[in-house]
Amino acid sequence: MPLRLAELAVRFGCELQGDPDALVERVATLQDATPGSLAFLSNSRYRRYLAATRATAVVLEATAAAECPVAALVARNPYATYARIAQLLYPARSVRPGRHPSAVVEDGAVVDPSAWIGAQAFVANGAVVGPGAFVGPGSILLEGASVGKDTQLVARVTLCEGVRIGRRCMLHPGVVVGADGFGQAPDAGHYVKVPQVGSVAIGDDVEVGANTTIDRGAIGDTVIGDGVKIDNQVQIGHNVHVGEHTVIAGCAGISGSAVIGRRCMIGGMVGIVGHLEICDDVALTGRTMVSSSIRQPGVYSSALSADEARRFRRNAARFQKLDELARRVRRLEGAAEAQGEDDE
Amino acid sequence: MPLRLAELAVRFGCELQGDPDALVERVATLQDATPGSLAFLSNSRYRRYLAATRATAVVLEATAAAECPVAALVARNPYATYARIAQLLYPARSVRPGRHPSAVVEDGAVVDPSAWIGAQAFVANGAVVGPGAFVGPGSILLEGASVGKDTQLVARVTLCEGVRIGRRCMLHPGVVVGADGFGQAPDAGHYVKVPQVGSVAIGDDVEVGANTTIDRGAIGDTVIGDGVKIDNQVQIGHNVHVGEHTVIAGCAGISGSAVIGRRCMIGGMVGIVGHLEICDDVALTGRTMVSSSIRQPGVYSSALSADEARRFRRNAARFQKLDELARRVRRLEGAAEAQGEDDE
Amino acid sequence: MPLRLAELAVRFGCELQGDPDALVERVATLQDATPGSLAFLSNSRYRRYLAATRATAVVLEATAAAECPVAALVARNPYATYARIAQLLYPARSVRPGRHPSAVVEDGAVVDPSAWIGAQAFVANGAVVGPGAFVGPGSILLEGASVGKDTQLVARVTLCEGVRIGRRCMLHPGVVVGADGFGQAPDAGHYVKVPQVGSVAIGDDVEVGANTTIDRGAIGDTVIGDGVKIDNQVQIGHNVHVGEHTVIAGCAGISGSAVIGRRCMIGGMVGIVGHLEICDDVALTGRTMVSSSIRQPGVYSSALSADEARRFRRNAARFQKLDELARRVRRLEGAAEAQGEDDE
């Protein structure tokens, strides 16, 4: 469905530079765009591609508009504006009501007639599937799991007993919500399993990436707030609370009972130790390791970056004696002070 | 099923402080407990909640008993005692014998009549499912895979050809046991696949967390000892041996042919390089990277912790010249010694 | 099927030392071999097992041949030669044409008659399964996904809409190809989903390990070149390009829009930040963190190694003041220079 630039400008509050009647019908990158495409410029790294773009229009900031060789939709937040236009051009999968003949829905499950249950899926007794929800192929809802209105389980999602997923969520293939948390009580050289009797409560508008795992609480619930966005292969331990509108990038791990604030940005491969708190508005750069609570908003880091291996090894060897080096510097300072006093 | 405190005290060898006839019927945290609940105090971080708890009883150490405002079950190991009581209050899923009509069990599979094969599961020829075992929905047992007595595959577990799982194990959703190890022989700029002809042998009483992967051996077997507890998203490479009663926290990775001792504690996101040995009773704190064998029991670390990003960057920049800094300190020491000699 | 050493020597261009008529019928490690076994020696760590081996024959380099107590197949690249012989001794699973009665294949899917669709699998409309391909049990191909000739989806692989897998690939259980990339545009304290309208294109002869995820492109495609080998639990973000014959070890993560060269070796748990480039022939040792482009072939590192925890903590505390320490050294140097000038 082609869209007129004039309509887009009005709808999304952009200033339009160029032909209001021009039509876009798909998206493209600046460098690969052909006529009919809408592109966007948000990351300055890609500005070098602007001058030669063949897109019909580009969503960009005012500061870049003068350089734009084609029509421009000037927006305060080009990336978000682009996202909204792309949602118009590529509507989400529509949900056909009913169930695939190969799906197994136990008699005690409550499935809204407007929901879809896909091929090879299994919905156990006591599970609840809300209006307009999409349970993709191979998905499994164990006893009492529930899925809110318009939520999509893309495919092969597993929801364990009693977990609750809000409205308008999207869970990608391989996600497991509500497996037992890692509760093992050491006792005389072996471990006693601690029953994990809590559940998981996921709010509205949450997205969860492929193969991410969110464990059920040991006693209370693991809680994921509204609007949280989680990437692939993230691990969230039991009793964790994640505040609203926090984003968590791929391969991050949050240990049990950690409490994460609102609007945090947790980078890829970040690790967060259990039983600590991170306040609102904290950004953790990629692979940061958090081992004590963070009580001030701000940006935090802990990962060294790649260096030529031989040089890295030499520096790492020095690191292993860094405390001694610091003591040696202290001794030199002491000697220098004594010398200074002698000189006086 | 409510339990009397007197009965619990006798059964688990606790000293009882308070009404022996009081009943508990569920568990709760100290802070959220209401009458009828059993709570516990093990991590001193939560001691501040003890004075105001509304639990009917608390499992705790002798040193905390005087502060307890309600009945107390005084135990040497409160967490393990709590775990055992919770197992009574929340019995494990019981296994109904039989198979779901949607399950596919090939004729050559051997399934004990007391086992359960769940919806949408697949059990191939030559697979063996022991007495009382639970093969949850969507699980797959390829040719010759075997599952011991009373073992539970919660849901969507994949057991590849010929892997052997012991008794009383619990494998959580998304676990893959016995996929090919990563054997790729470099040759003239490309790679030749090395057939992975070994298998996986998992002992008794092993728990494996959601989306964890344990690869089959290249030639011999990958071996997981009795009582090993593995959290979510752990990766265990081919030919690894993990000794009995070792615990491995989430997102850890153990490369091929590493040999891990007994009773080790491997923290979250720990990485262990291949072809090395770690002796018994080693603890690795979160995100430690082990790149050579460890032959002494003890605690080991290698991960820097989060710091304010700007300060971290300055320090990291200095790290990249740490070897040079150490040389400069050595020169200063040389000069100071020379100076000292001059002064004499 | 036992194989004659003479035949192997001719076929793989080895020099044979020992009885040309001896037969091998299985593989074994040097230490566990019994008569009838073929072993190999490639990693010098295992040379100590050579003298006592009971293998019928050992594949090894010329430099080790004199020490070999049994027949030897002397090869320039013993590991690759071993791999090829093992492929003869253990032929890949053969593909039976047809489909399991429990498989669901939608009418609009195109499945070559020589392909196999396994139990509980689902192949949607528009999906294409090429000649000789193996779609293992529980695998899911969403609309328009395609699998090339002789490719194997071992079990429970998920291919999302429109992704394209080349020929002779092998995808292990739990792999997810083509889930949405992590595109979230921040806007006024919450996030707007950026439709992920690209796809994934995987070349020929690619292997993908268990529970690995490869996201679809935001606009263009995520591209995995021919001959790439990927281990378990690797995360590859949207729009990433991986050059031919690159290998990626377990638990590595590559963020969106990174471009990786050819013949790279990416170690376990390596993290690569988005929107950067790594040239051909780069090796990254385990757990390296790459946060800026690498333009020179070579070996790169960034991970500190395990140390005794108490010593590590002392050194890490010094690291947090490393910038200050460097300034103190600079001051000492300044003072020493001034002293030197005074002395002149």
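The first chain written gets the first letter, and so on, giving A, B and C; residue counts start at 1 in each chain.
Quick note on the criterion: a residue touches a chain if its C-beta (ideal position, glycine included) is under 8 Å from a C-beta of that chain, and two chains touch if they have at least 3 such contacts.
For clarity, every value in this text was computed on a predicted model and none was experimentally measured.
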Indicate whether more than half of the residue numbers at the chain A-chain C interface occur in both copies; give same if so and different if not. different
If you fit chain A onto chain B using only Cα atoms, how far does it have to rotate, to the nearest 5°? 120
Centroid distance [mean C-alpha coordinates] between chain C and chain A, Å: 25
Check each residue of chain C and list the ones that touch at least two other chains. 102, 120, 138, 156, 174, 211, 233, 251, 269, 303-305, 307, 319, 321-322, 325, 329, 332, 336, 339
Within the complex, which stretch of chain C touches chain B? 26-29, 32, 43, 45, 77, 79-80, 82-84, 86-87, 89-90, 100, 102, 118-120, 137-138, 154-156, 170, 172-174, 205, 207, 209-211, 227, 229, 231-233, 245, 247, 249-251, 263, 268-269, 286-287, 303-310, 312-313, 316, 319-323, 325-326, 329, 332-333, 336, 339
Going by the contact rule set out above, which residues of chain C touch chain A in the complex? 102, 104, 120-122, 124, 138, 140, 142, 156, 158, 160, 174, 176, 179-180, 182-187, 189-195, 197, 211, 213, 215, 219-220, 233, 235, 237, 251, 253, 255, 269, 271, 273, 275, 283-285, 288-292, 294, 298-305, 307, 311, 314-315, 317-319, 321-322, 325, 328-329, 332, 335-336, 339
